[in-house]
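Multiple structures follow.
Paired with subunit B in one complex and with subunit C in the other, subunit A is shared by the two complexes that follow.
Showing the complex of A and B:
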């Protein structure tokens, strides 16, 4: 595929730098997906198997706003492409947040109080449904997301990086910081309180239902940003397609490694697995394993971590003194 | 004023736990609600606070009114906004949050910044120990400190009525005294108190009125001094009479009393 060729050329300057760049890129996608999964799990105790469909639906929303229908750019004459694109992405993120809230209200809220396993199965059903709808919209060919980065390369002399990679890394850093700040806010504290003890949170007058919705909105927004990075040049693909939803399966090990209930774990786990995968692809070339070796690295890391720490690196057994 | 009138509560549609309980908490007073394990004290608190639903409990008869308004079916958050705050059995502090964050979570419905910071100052004055440990993770506080935090968290809502469910449970005698003094202080600041306890001595020593409940009903109520002197209460809640071997069940006494009442 074309992206791999570009990648090989970009990486020609320095193998190690290329490994780092790919690790950062993969790591930030994993971290975004992992954070979303953890936030939803922490707040609502739901393991969200619909996260993949959300990723693809979100990426499609960006494609629709930015590229297919050019909203709102088509109504603003002479607008700079990058500005118009940014507006489209913001609109798509808002739409994704509403989609998250809608799914939570329609399918998850009625399951409150049911077995965790039953609710997880419901999310699996939601995944199949949402993926089906999204795939109908996408069609057979990848839908480009219309990003302004193209194949532009930043040449730092010792290493060359794509504009999209720089944007991706900074976006990930900003979102991580944003999530950290959110958890210090009034709503964020209420969410952590709800995560720790739902009944006690309700006794304080915290509207737990609203907290659930907010968690799903945040999860959907993070999934959409991840979906964006999965769907652009030069590292990943030519656009959102019917395989985008499956990328999340590489991120489930992230939350198992980091600990299902730890946001910090999702971030560090994300980058840890991102780097492990990148390094394995760069340095471990086994003919008998073939080219798809990178894809199983997250699971290898997960197995190793689970042997050492069954509840993940940062997953806590409850801190509670009786 | 809080009024609970003829309240019946059923769990899982079958288990009748409250059988027409009635009680009142007049403004500014401390009212004690006593009873043995399983009597239905916590269920009464859930009915007052609006937390029956998570336990599959329903009010099937009677109602709860606060300042004249029927609140039987209100959401917990609306009840908190009306001025009813609760301290749950077993403290239930948010162990992964700091002391300050626990208090912030308590202030969730209190959107008025000035009122929140006034409540915060009040809590810090009332609990100097919490002031020292503001940044500490609440899960690592001692049992006594956690109880202080649970009460402080409720006070962040600037309540009119504070309902406490067994705040002395599992605390050393000295701490029980401390908790008792704090309840008196909070009450002096104008907050009505409904104090649910198994520790009758502690509760009746500060209450203006006392109720004793058993299997979902009030079996005795009145002036705390009168209750403290009552032989049955002494025997079953204060452990003053007889040794384990000759303890009759309170139910037997009740039977006996009921018979006596019929006879007279």
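Showing the complex of A and C:
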């Protein structure tokens, strides 16, 4: 049997392997968030500032289905807890996808053809709105997500990782592969065409509106998965609370570092910033840095990258026309 | 031909601050109204004499100064900035350092207001010019996220520079509004005390209100003059198309940097006023939400216009108060339980834990949104609705009303 240990202080060790493990874990969350942002940006030309609210809303949906109301487990007698939890998560993901589609339909679709700034500011308004409503549902106390991983630790001798982190890394890999496969499917090709030129895509018979909906659904699902892993041990063991949405502000540098319109960039940028943050937290333990230095590492990395490449590492340079 | 509206016989006339008689008259009347409002003698607007309304209006003036700065950068020069609160914070802490109590636990020099207030504009402007070149290099949405980074890095610095800001728990006090020559004990005039001027009793709230009104009027004049000069036109040229502007001889780098510096100066000034007005601040005060409030002000008011910005500032600050009053009023009617209004109100307002409703007025958590949450949701919804349906904001609505009455009763 694998020994279970509860870490007194997660991430407070100086071991190099621990640092790498933490980097992979953080990086996969950032990559999930960044991928969602980039897919939405590429397909619809919208920088989604509501991603934080979507993440929190998604995490709450999981909490609601899995632990608060126990749907559908309450109707199936004698079902294994992990199985009913998985079912709940799938239901929550479907609900989150619908939420994404709904937001796009209601608030983003009317802005088609408007300036990018204006649409980005609309998403900022949507973020405030959706966060307000989600926070009302969450209430004052954190809502646990009822995940089966608990606080179990996998001890390999030279490195210890939480079960949830292993699950998280593999989920991220599966989802990255899934997105890569999706872009090879018929719908995925249509989305690439839409990203390239919306009008030309329409002329080819692609239902651009449907592509927008699909992009937002994918973005919302990826945000929900990220929200799940943000809200369990070892990050925020208590569950989803009113500050969960703010975590996502650390993911915006990811898409800037990788380039706003590059999925590969978002994945690499996510892991790069994950490692940078984990390394900074492990090695830069100076008193003058004070508390919460990890939270600004993504922005420092972003500024350094932008000084060298103003369009991110993989981003397309904007062609300036007269 | 003389005396016709919109007929300009000289360039100067075309560019004048108030180019028609109606505008001159209305501006004068509006200013007079603002001057006498805090005494509570305006018929129908007597509530403006209440102390909390006087305070709210003073805050409107302070936020208007900051919003005018953001309007220069975002509305005129077209550079979306989510980092406005960072510059407010720098202004506030510059003022606190220079004007704060000397010899205390926190940094403070005890200098008079005529030193710390201008410094609160100059220091953020310099910092704006320092970070400007990085910001000018990136464009569009990349800029929005870089400025978002400014707020987040700034908040971190403020939180950890405990010698200046007092840290998250305690925060720090800010200098008071007092006229002094230098560091003498008794000020020439203290806005924190009730005073008697020429036989009139003036409360500290009203004298502070007058001071803020004065600053706001000055800020409006400066902003308007920047807008109608070469600088303002250069900003607008860059906003409309940067390459075309450069072809016409506008130095894009110089003017974008200038826009950053000017907007930071306004922000810093407003930040110092706001912190001193409230008296005590914690580093978290200068967070992203404050920056979003300023963006909301110029969107709701109408980006690129001075009068719109003023309307937006007033709207964003007064709305929560109105919503709260309306909810209290509605809850009182529901409690009384009489008439059709009570029945309709009951559908929307939950007054007991087992009641259903969109809004709840109960202390603590209950069904529906609390008034604060409702304000948050409304705030977001308003940003969205204005952007979708009225991109010109309140100014656009005003323009339509004005144009309707201009030709009345004719429709052309």
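Note that the second predicted complex is superposed on the first by the 301 of 322 C-alpha atoms of A that agree within 3 Å, B and C clash if a C-alpha of one lies under 4 Å from a C-alpha of the other, contacts with A are read in each partner's own complex, and residues count from 1 in each chain.
As a convention for this text, contacts are C-beta pairs under 8 Å (C-beta built on N, C-alpha and C of every residue); 3 or more make two chains touch, one makes a residue touch a chain.
The shown structure was predicted, so the numbers you read here are calculated from the model rather than taken from an experiment.
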Which of subunit B and subunit C A:122 touches, first, second, both or neither: second
A:256 touches, of subunit B and subunit C: first, second, both or neither? second
Superposition-derived comparison: subunit B or subunit C, residues of subunit A touched: C
Subunit B versus subunit C as contact partner of A:190, first or second or both or neither: first
Which of subunit B and subunit C A:308 touches, first, second, both or neither: neither
Subunit B/subunit C common contact set on subunit A: 318, 320-322
List of subunit A residues in touch with subunit B within their complex: 113, 186, 189-190, 192-193, 195-207, 316, 318-322
Interfacial residue positions of subunit C with respect to subunit A in the complex: 78, 80, 134, 137-142, 144-146, 148-149, 152-153, 156, 159-160, 242-244, 247, 288, 292, 295-296, 299, 365, 368-370, 373-374, 376-377, 379-384, 387-388, 391
Touch list for subunit B against partner subunit A, complex: 49-51, 54, 75-77, 79-81, 86, 88, 92-97, 101-102, 104-106, 108-109, 137, 139-143, 146, 153-154, 157, 170
Complex contact set, residues of subunit A against subunit C: 47, 107, 110-111, 114, 116-118, 120-122, 124-133, 135-136, 139-140, 249, 252-253, 255-256, 260, 289-293, 295-296, 299-300, 302-303, 306-307, 310-312, 318, 320-322
